[in-house]
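Two complexes are shown next, each including chain A; its partner changes from chain B in the first to chain C in the second.
And now, the complex of A and B:
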């Protein structure tokens, strides 16, 4: 039973991956790949160029610019999402009136397909007519160019991504909180531990395995978060909000002529970066005694 | 209030002070409003006449015009049909492949198993960036661009690895004794899997099915790159045509968005509780 599995994975993941790496070592673009024009079949004419693409990409400032913003975007989104999720989970993990209502309301953003939410936000952010600016105008504040100014656009995309990501964090962390035995808190309270001490010495260690998982997943998802950037700003204004993934996409599907090989090289670099992050992260967890 | 509670649970025993209570409710209320407002505003806007799309008030002239326009005068139903076909096929195939993979990884010890598990996790890292160009070229050479089959294959590459990973977590919770009993009764490995283990893993199947559905329903990058021409678009691609550089049909956009979001939200409401359990089952027992 293992054989078909390995085969399927090999075909649907392995082949494109190997081919992607191969393309990154060639000069393939729209004009020289195998293609059909009407009834004529044109064979591929691209050549193997070794590491030229990588050399070109890494010596070009664009890559490092995009990398810097991608890292900022990832760290910003993940830490804000995690902290917000943690705070809300702690607030919800108490007996309080309306708990079910709060919980349902807070999970709602997760229930809506992300591209719908992003379009909705684009409507809210609309500079001339969006509700956000109308509300600000009501308070006598000038319109904010949410998506048309590099800095505001960066803040705006982060805000949307945090909005999208909090529900998952919240639910996962709430599950983690509920698995911490209540007796621990009770005992700590008897010993006179303050609320902060209880949080620091019971909640934080109790959540460690859940949080390490969700942080890693959320880092990977955010790093590769295509729809938020692509649909909200198309990477603009200019290329202010373009992260590595959307830039690689732009190279092969928006810019003309389509540059498949350079895009593939970006892709491979992204994969390498993420693998390094995952390995380092896993090693750090191991040191703390996580078995994973 | 001087009621004394039996000291069963610490947090019940000590009453919150009044300011703490107000703070708690205020914090949660603000967060809830922030969470609910955008979808609510989408819903409200969809019932406004086209020219009022950006008015700040609630609906003053309630109308279904946006909905009828979207359903009757645009390609929306075609996109909807495309999405349903593609997402349906992906879900059925994806769950089947993920279940068999997860079972194999859970039950059989074979060389390269740990790396395989890692590979499954790592594939989470390269959806769009690495695979899109080779997949595009591959589909182009097979003549599958603009074909539902092309996107189904693509979506399987996204959904299967992660679902297999989650399914392994579920299978790990089913005792091996059940497999052994099946073998004693003369079932072959596939029979054991199909007749005994799979029914027990039904919650896992529901979670993976749901995950696959949601992923495929909401996917944007591949759909935008591989499907062109109005009649081939999926919902994600189609919605982009309402609001782009050239046209700003917010009325149609909001109505279409509501129609797309409601079924997804309903499915989500059913699966949501199991979803996190599935995610964490896969990770903590990996």
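And now, the complex of A and C:
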């Protein structure tokens, strides 16, 4: 009965994974892999090079630079997204007029294809003609080089990613909040617990299982969040906003011939890093008595 | 993306199915050819012209159908920025590649090196090669074979707003130093910034580099040149222009921002190419078309030079309709089409004979750009030619934002080149 599952997993996960690991141990690039173009048949001429790619990547400062920024980006995005989502979920977890409208409005960023939102943001951020700077100019403030200064560009990409990520957090946490029995709050109120105490001792523990899951998922997504960075800044200015995955993309798609093997090595390293994070995180949760 | 795992799985499945479907769908009957002496079938043409040009190109391409009623031309406009990657994905994956593509001059050697292009020597695509300008032919050759037909040639020039310069009482600058000196006057008298400096596109770095007597690489002797003194000076020039506020720049969207700044009269000058002539003339600063002046790109401390660019037409080696594709290339690079392109868009022909046509000869933009093209610097026509740009782009961004000094930038670019070009010194 599990045969179809095994088959599908084997085809869509297993094969690409094994192939990627294999490529990372070779010197394959666009010019030496097998191709059939019209009547031309070009045979594969790449060879096995062992761990050379990994050695090259790990001894190059670029990898460590990019890793540093990627970690900062991930931690920044996930914490801001989570806190904003939590605050908004708490606000919406009450009966108020037009609640459906607010919920819909907050889910809107989720409903728009990411690349469209990112392009819109890019227009807003345009230093010379963008609305953001026009608004600032109205308030007598100098134009901000949103995407043209390394620090501003970093803040800008984080802002967009948070904007894109909040709805997911909001929905997940709202679901979590609604599963906490109202009686707990009533009882606490009778005992004279303040709003902060109720939040601290009922809401936070009640949300733990939901939040631990969404934080882990969000970490993995953000770590590999290609479209926001690529479409907004192409990793620029310079390489200021380049995270590990966008750099791997640059290796295999921008230079010619495309360097499949080194890019694959980056991919494998990213996978290893994320697996380590997931395992450590799970351990930490288990220590707190969380079953996940 | 945020729709996460389920979405991704679905996409992967759909992609897998699509792949399977195309794999089975091979062996299409698209023989096309000229079996009965008459061409038939479909020619898919990827055009990379910009928004101001594409309507004209579509019309020209579809004009082919009048000569060959049984051929259907499928015109697709692919934005220049995506075209290289899109073609490689399609050509390498054997699905969705066009029969004919308008290929940037630096891409030809690259695509040919990877086996993606059909050689055109001895095919109907190249009828009279003697008619082509020699420098236009340079970029179509790779390892002794011809892989493209030249369609348009271009180089960079200095576009200037005659009125603004006149109001400021300055001459058109001949060097970047003169430009920098004139900048204060222009700002004081007209409020406009002197120059828009494309900080987002490495192609625009070349005049600064050539102006110092440098080059990216010397392909003949296999030497990386960018990290010698000229490269450092070139990075310093762009940094100084921006720091002194003689120029404004951007790390993104430079094409749109530059054109808009020029059209609106916010900048007095911009380094640009013939492809933006029509676009610029549409702006409010050039309601009087004569207000747009074009001069040679300013020189540096030791020379003056701008890169030779342009577009070629190449045929995909896997095209199922090679005969019709060759004929289409011949048509699109013919004297008649080149003349029309010039009349409508002021783009520069690659055929000597077209320059003899009075309407072309007297075109004001041709009058300027033809001598400029004749003096333009040919780029290294090597397979990695296009890849030489990315490191420059990263470093010029870094220099302009203060993240690297000109010395560090030149050194980093040189190192990147040596990594890319393994047998270079």
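In this section, the second predicted complex is superposed on the first by the 290 of 292 C-alpha atoms of A that agree within 3 Å, B and C clash if a C-alpha of one lies under 4 Å from a C-alpha of the other, contacts with A are read in each partner's own complex, and residues count from 1 in each chain.
Methods note: a residue touches a chain if its C-beta (ideal position, glycine included) is under 8 Å from a C-beta of that chain, and two chains touch if they have at least 3 such contacts.
Just so it is clear, the structure is predicted and the values come from calculations on it, not from any experiment.
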Report task. May I ask you to decide whether A:253 touches chain B, chain C, both, or neither, giving the answer as first, second, both or neither? Result -> both
Requested in this report: Answer with first, second, both or neither: which of chain B and chain C does A:227 touch in the superposed model?
Outcome: both
Requested in this report: Have a look and say if chain B or chain C is in touch with more residues of chain A.
Outcome: B
Query raised in the report: Looking at the overlay, does A:31 come into contact with chain B only (first), chain C only (second), both, or neither?
Result: second
Query raised in the report: Taking the superposition as given, does A:110 touch the first partner, chain B, the second, chain C, both, or neither?
Result: both
Query raised in the report: Thinking of the overlay built on chain A, is A:213 touched by chain B (first), by chain C (second), by both, or by neither?
Result: first
Query raised in the report: Just chain B (first), just chain C (second), both, or neither: which does A:127 touch?
Result: second
Query raised in the report: Where on chain A do chain B and chain C both make contact?
Result: 12, 35-36, 110, 114, 122, 126, 129, 167-168, 217, 221, 227, 253
Query raised in the report: Tell me, which parts of chain B touch chain A in their complex?
Result: 7, 9-12, 14, 16, 21, 24-25, 27-29, 31-32, 34-36, 38-39, 41-42, 45, 53-54, 56, 97, 100-101, 103-105, 108, 110, 116, 119-138, 140-141, 143, 153, 156-157, 160-161, 164, 189-190, 193, 214, 217-218, 220-221, 224-225, 236, 239-240, 243, 250, 253-254, 257, 260-261, 264-265, 268-269, 272, 275-277, 279-280, 283-284, 286
Query raised in the report: Where on chain A does chain B make contact in their complex?
Result: 1-2, 4-6, 8-9, 12-13, 15-17, 19-20, 23, 28, 33-36, 84, 87-88, 91-92, 94-96, 98, 101-102, 105-117, 119-124, 126, 129-131, 134-135, 138, 163, 166-168, 171-172, 175, 182, 185-186, 189, 209-210, 213, 217, 220-221, 223-224, 226-227, 230-231, 244-245, 248-249, 252-253, 260, 263-264, 266-268, 270-271, 274-275, 278, 292
**Report entry** Residues of chain A touching chain C in the complex
**Finding:** 11-12, 30-31, 35-40, 42, 110, 114, 122, 126-129, 147-150, 153, 164-165, 167-168, 217, 221, 225, 227, 233-234, 236-240, 250, 253-258
Query raised in the report: In their shared complex, at which residues does chain C touch chain A?
Result: 1-4, 9, 12-13, 16, 85, 88, 91-92, 94, 110, 113-116, 118, 199-200, 248-253, 256-257, 260-261, 266, 316-319, 322, 383-384, 386-387, 390, 393-395, 397-398, 400-401, 403-404, 420
